[in-house]
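In what follows, chain A forms one complex with chain B and a second complex with chain C.
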Partner chain A sequence: MDWTLIIENSLKGLVGINAVYFAVAAIGMNVQYGYTGLLNFGQAGFMACGAYGLGMTAHYFHIPMWWGIPLGVLFSVLLGLLMGIPTLRLRADYLAIVTIAAAEIIRLVVRSVRFKAYFGGSDGINNFSETFRKVGTDLGIRQSAEYGFWPFRFTGRELWTLTIGWCVVALFGFIVYQLMKSPWGRVLKAIREDEDAVRSLGKNVYSYKMQSLILGGVIGTFSGMIFALDRGSVQPDNYSRDVTFYILTALVLGGVAKVSGSIIGPMLFWGLFTFVDNFMRQIAENPIRIGNFMILQSTQIGQLNYMLIGLALILLMVFRPQGLVGNRKEMAFDGR
Partner chain B sequence: MGAERVCSESAKRARAALETCDRVPGSTKPDPILVAEAVRREFGGLVAVDVAHLEVQRGSITALIGPNGAGKTTLFNLVTSFDTPNTGTWVFDGRSMEKVPSHRTAAMGMVRTFQLTKSLTKLSVIENMRLGATGQVGEKWWNGLFGARWRSQEADITERAEALLARFNLSHMRDEYAGALSGGQRKLLEMARALMIEPTLVMLDEPMAGVNPALKQNLNDHIRDLRDQGMTVLFVEHDMDMVHDISDWVIVMAEGRIIAEGTPDDISRNPAVIDAYLGAHQGRSLLEEEA
Partner chain C sequence: MPSERRRARRVLSLVFLSAFGLVFAFMSSPAHGADFALRIQVKEQFRDANGKADNQPVAGVSISVTDATGVEIGAAETDETGVVVIPVPEKADYTITLDESTLPEGAALDPGSPAVQTVTEDSFVTDTRIVVFFTGQSQSESQTFFERLSQRILDGVRLGLVLAMCAVGLSLIFGTTGLTNFAHGEVVTFGGLVVFVFNMAGLSFLGFLSFLPGVSEQGTFHILWAAPIGVAFGGLFGWALNAAIFSRLRRRGVGLVTQMVLTVGLSILLRNFFLSRFGGRTRPYREFTLQRSWEIGPASITPRDAVVSLLSLVILVSVAVVLRYTRLGKATRAVSDNPDLASATGIDSERVIRLVWIIGGALAAIGGVFRGLDEQVSFDMGGRLLFLMFAGITLGGLGSAFGALTGGFVVGIMVEVASLAVPTELKATPALLVLILVLLFRPQGILGKAQRVG
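And now, the complex of A and B:
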């Protein structure tokens, strides 16, 4: 068993690109769920807005890639309005239903044959990220060279995406932290506790909920952009329901209503995921046999890993519902 | 005990003005702060509220009493736009309010509390208080990002909040979560928080429910204080002793309608009220009757 490799990969998983795009999306979901109490199960839809905003610049609009950023933000603002206008006046559960449906609609529309000219169908879009890579090369980062030190050794290509990615995490982490300390954030937290009370004190609850939904969605959009730039392609099936739920899991793991939780959660999620995955792969190389029965086959590792994640989440909810950095004292007043 | 108290000038004037009013349902007041006209709310076949005319005298403490299901809380909800009536118009402080959404009524100076206390449990007591202040610059997200834009206003708000907390004996709980307060303290906090918006009309929905006798006396004094500072108080209450003790005027509702109005003494002698509300058990505590 090669422990060095397992540990190296796990540590790289902590800071890798998966952790980055999860963290950005989780910061957004934290604004909605953690601070405002809005159950947005359609974060993948907002991420798709960002990814397709970038992709469509090359595939359909034939304009420089950078226009994809405002385009993606515009898409997600529109999506936020579309989901929020009919549902934010209703109880929270309705928003959950509508958001999960809206995200699925987006995925099915962009992968449909009918709209292939706009979104590239199920093949997705592949030819838009050169501009982004070129900035990195111009700054002197060689795409295929290796940088860093053990265990954090990355190719230039990875390093460039990671640098930009962590900058985005830091930027949004800072923005959300500042906002939640402000009176604006106070209104959001109060809405999470009791919206009627907030209304009776003269705040336009509907407008604040809309702002929260859109802010969280726009942050999620940037997560989709980072993911698309890293892969160099936009695939519709990368934005399905399960992505939203893994991000939510990672957020809960870290602890809701804390900016640090929404960053640490995704890091640990991917650190653990990589660790378990690598560990099981090492076992599968020299499978333990009991008679004719093989304990673990390499084809089973993926599924088993997700089962273990589910189990971990259940245990977490039972024994540490506030997450890793959450506030135990706050949880005590949750008996509503 | 109300009579021995030194009242402010405005409170005396309100009381004198009310002396001259007719003791009939829907009687007109010399200087009403709130006037409702033909307000009707139906839930399916049930007529919850059907108020032909209602006026609340400025600067007075007006009690709204009636048996359970009389429509008192529904009337509160309608007047503060938390619910929409089927028909009806109402005017607050000279402004027509039918089209005004609930969050704006507060900014206009009409604030309400709830029968089931709504303290924001995971916010600290002081944050609960700060939330009440209206017109906060930092409540716009683009200002919220820049502390310099709202810090000075926040300091003023905090100062005002601390003064109110001191008045309501909550200073020692300043940094605790509101969820850590007792039921009675939550009532106090809710009232103090409502005062942060500097209202002219304070509407209290059962302020005494679930409050122990010692704290009740305390709350009574606070409500009188509000009037003495020039605010108008309209409150729903079942505790008849308290109603008799502090109110200047009493409005009685039953089955959605106003059935009687008058000073507390008139009301306790009014046969219609005795029939509808006090029943045959007049003179005994209502709590015993319900039990």
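And now, the complex of A and C:
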């Protein structure tokens, strides 16, 4: 068993691009779930807004790529309104149902043959991130050269997206941290604890919830953009509802209603995920057999990983719903 | 005494859940390694007495398959269903040759399907690539709008019945405990897959039951045995989930949002477990044979689907009657209305909730089996219905069982009829539209009662 490789990969997983785009999405979800108590199960839909906003500039509108950023934000504000207007006056679970449905419909629409001209069908959209890469090259980062030290050794290509990605994480982390200290943020937390009390103080709860939903969604949009820029492509099946659930797991793992939690969580999530995945693949190379029955087959590792995520989410919710750094008192709210 | 009983329940439920995990894990899994195959069908096209286009299988035709280098991979004759399945080592380019001299006398291939056909590697969408040879004259004809509409409505009724069945459990659990169970789709899948295990995969240690009619020595059961077994296991599964997880959380006063997120974890866990044991393919039940359709006016339905629909209707009506007239039904509705008040009048609400989980699990399993008969089984068959169930229970009124019945039914018909206007791949979209419109204008649903909800 090659422990050096396993540890190297796991440490890289802690800071890799997956951790980055999960962290940005988790910061957004934390605004909704952690601070306001809104269950947004459609974060993948907001991420798709960002990714397709970028992709469509080249594929459909034929305008410079940077226009994709305002376009993606516009899409996600519209999506937030679509999800929020019917549900935010109602109980928490209506929002969960509508968001999960809307995100799934978005995925079906963008992968459909009917709208292939706009979204590229199930193949998605490729080759639009050259403008983004070029900025990195102009700054002197050679795309194929290796940078860094053990274990954090990345190619220039990876390094460039990672740098930008972690800057975005820091930026949104800072913004959300400041916002939650402000009077505005305190109203959100008060809504989470007791909506009626806030209403009796003359606050427009509906409007605050809407702002929270849209803010979280727009942050999620940037997560989708980072992911799309890293891959240089947009594929509809990267925005399935399971992605939302994994991000939720990562958030809960780190800690709810804490900015630090929403950054630590995704890092730990991908560190552990990479560790378990690599570990099991090494075992599967020399399988342990009992008679004809193999303990672990390489074809089953993918599903086993995801089963462990599900199990982790269950155990977290039973024993530590506030996550590692969260405060249990902040997770006692009830949707009813 | 009550705490001892509670502990016993908890232990029993955990034993049950882990026993299940083990049985599934050791089942002769069809998921091991992907096996690729070419499924070749030979069909004779003709017009029936009423002048409608139809086709029937042609048996005994020799088919051979060669790979790109001309090496023969396999050869066989079509069986009485006109089908021959030839396993191939990998997804690649193959040439399929039909020996025209083995066609029945007087039959000739349709010019549209030559005797030598090639398939390319890209055309394997799933692990099995289907190739069809047609004999006789092409009989394709355009259906009138009315014909298509009535066929869609009939399909919609079938989907609606399944949805209604699955949604009742979801709605009852919501009504009595306030929990929106995002893992309910997996309970549906569970039912469908348990039946698959008994019906197709077989449990060899049950081979000693082969003295019974319909049970083979390999431990496979006829669908008429397997279906009730699956439903019983579905009920047990619902009971075990409640006893092992949710009743404990309720007693500890864990918030509903936390429980809801937990069901999401449960859904991920179960779905991937099913995927690892069954693979990503859809599979039919054993007695799933192609049946000749009955014509009902302009639409057609197979006898199997007709029986399934009738059975669903009977089950749904009995559920409604039980809820309306029996003591249990009244107690359930009382707990849904106001759990505290119900407890105060002497109703054991935990007992009611337990029964609701059992009934909900069993109904979901029936839904899974019927869906499996209709569309074959797969690891995410229930997960894909979940959103439609939600649309149904919202339309009918969240928490109202009668609402779930009607809502699920209406959504099923709507989704199928909508596929006349929108592409099939987007036919779920109108359900979202309904969901949003209902929440905007009548959030309590058709049958729910208006109350302040926010």
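By definition in this document, the second predicted complex is superposed on the first by the 327 of 336 C-alpha atoms of A that agree within 3 Å, B and C clash if a C-alpha of one lies under 4 Å from a C-alpha of the other, contacts with A are read in each partner's own complex, and residues count from 1 in each chain.
In this section, a contact is a pair of C-beta atoms (placed from the backbone, for glycine too) under 8 Å apart; a residue touches a chain by one contact, two chains touch by 3 or more.
Keep in mind that what you see is a predicted model, and the values were worked out from it rather than measured.
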> When the two structures are superposed on chain A, do chain B and chain C clash or fit side by side?
Replying inline: fit
>> After superposing on chain A, what angle in degrees do the C-alpha centres of chain B and chain C form at the C-alpha centre of chain A, to the nearest 10?
In response: 90
>> According to the stated criteria, A:139 is in contact with first (chain B), second (chain C), both, or neither; which is it?
In response: neither
>> For the overlaid complexes, name the partner, chain B or chain C, with more touching residues on chain A.
In response: C
>> In the overlaid three-chain picture, which partner chain does A:204 touch, first (chain B) or second (chain C), both, or neither?
In response: first
> Where does A:117 make contact in the superposed view: on chain B (first), on chain C (second), on both, or on neither?
Replying inline: neither
> With the two structures laid over each other on chain A, which partner does A:82 touch: chain B (first), chain C (second), both, or neither?
Replying inline: second
>> Applying the document's definition of touch, where does A:318 land relative to chain B and chain C: first, second, both, or neither?
In response: second
>> So if I take every C-alpha atom in chain B and every one in chain C after superposing, what is the smallest distance between them in Å?
In response: 8
> Which chain A residues come up in both lists, the one for chain B and the one for chain C?
Replying inline: 332-334, 336
> Which bits of chain A are touching chain B when the two form their complex?
Replying inline: 175, 178-179, 181-187, 189-190, 192-194, 196-205, 211, 215, 329-330, 332-334, 336
> Where on chain B is chain A touching in the complex?
Replying inline: 80, 82, 101-107, 111-114, 118-123, 127-128, 130-132, 134, 136-141, 143-145, 147, 150, 154, 177, 179-180, 193-194, 196-197
> Which of the residues in chain C come into contact with chain A in the complex?
Replying inline: 26, 31-34, 178, 180, 182, 245, 249, 254-262, 264-273, 275-276, 387, 390-391, 394, 398, 423, 425-426, 428-429, 431-432, 435-437, 439-440, 443, 453-454
>> Residue numbers of chain A touching chain C in their complex, please.
In response: 37, 39, 41, 82, 85-94, 96-98, 100-102, 104-105, 108-109, 111-114, 195, 242, 245, 248-249, 252, 293, 297, 299-300, 303-304, 306-307, 309-314, 316-318, 321, 331-336
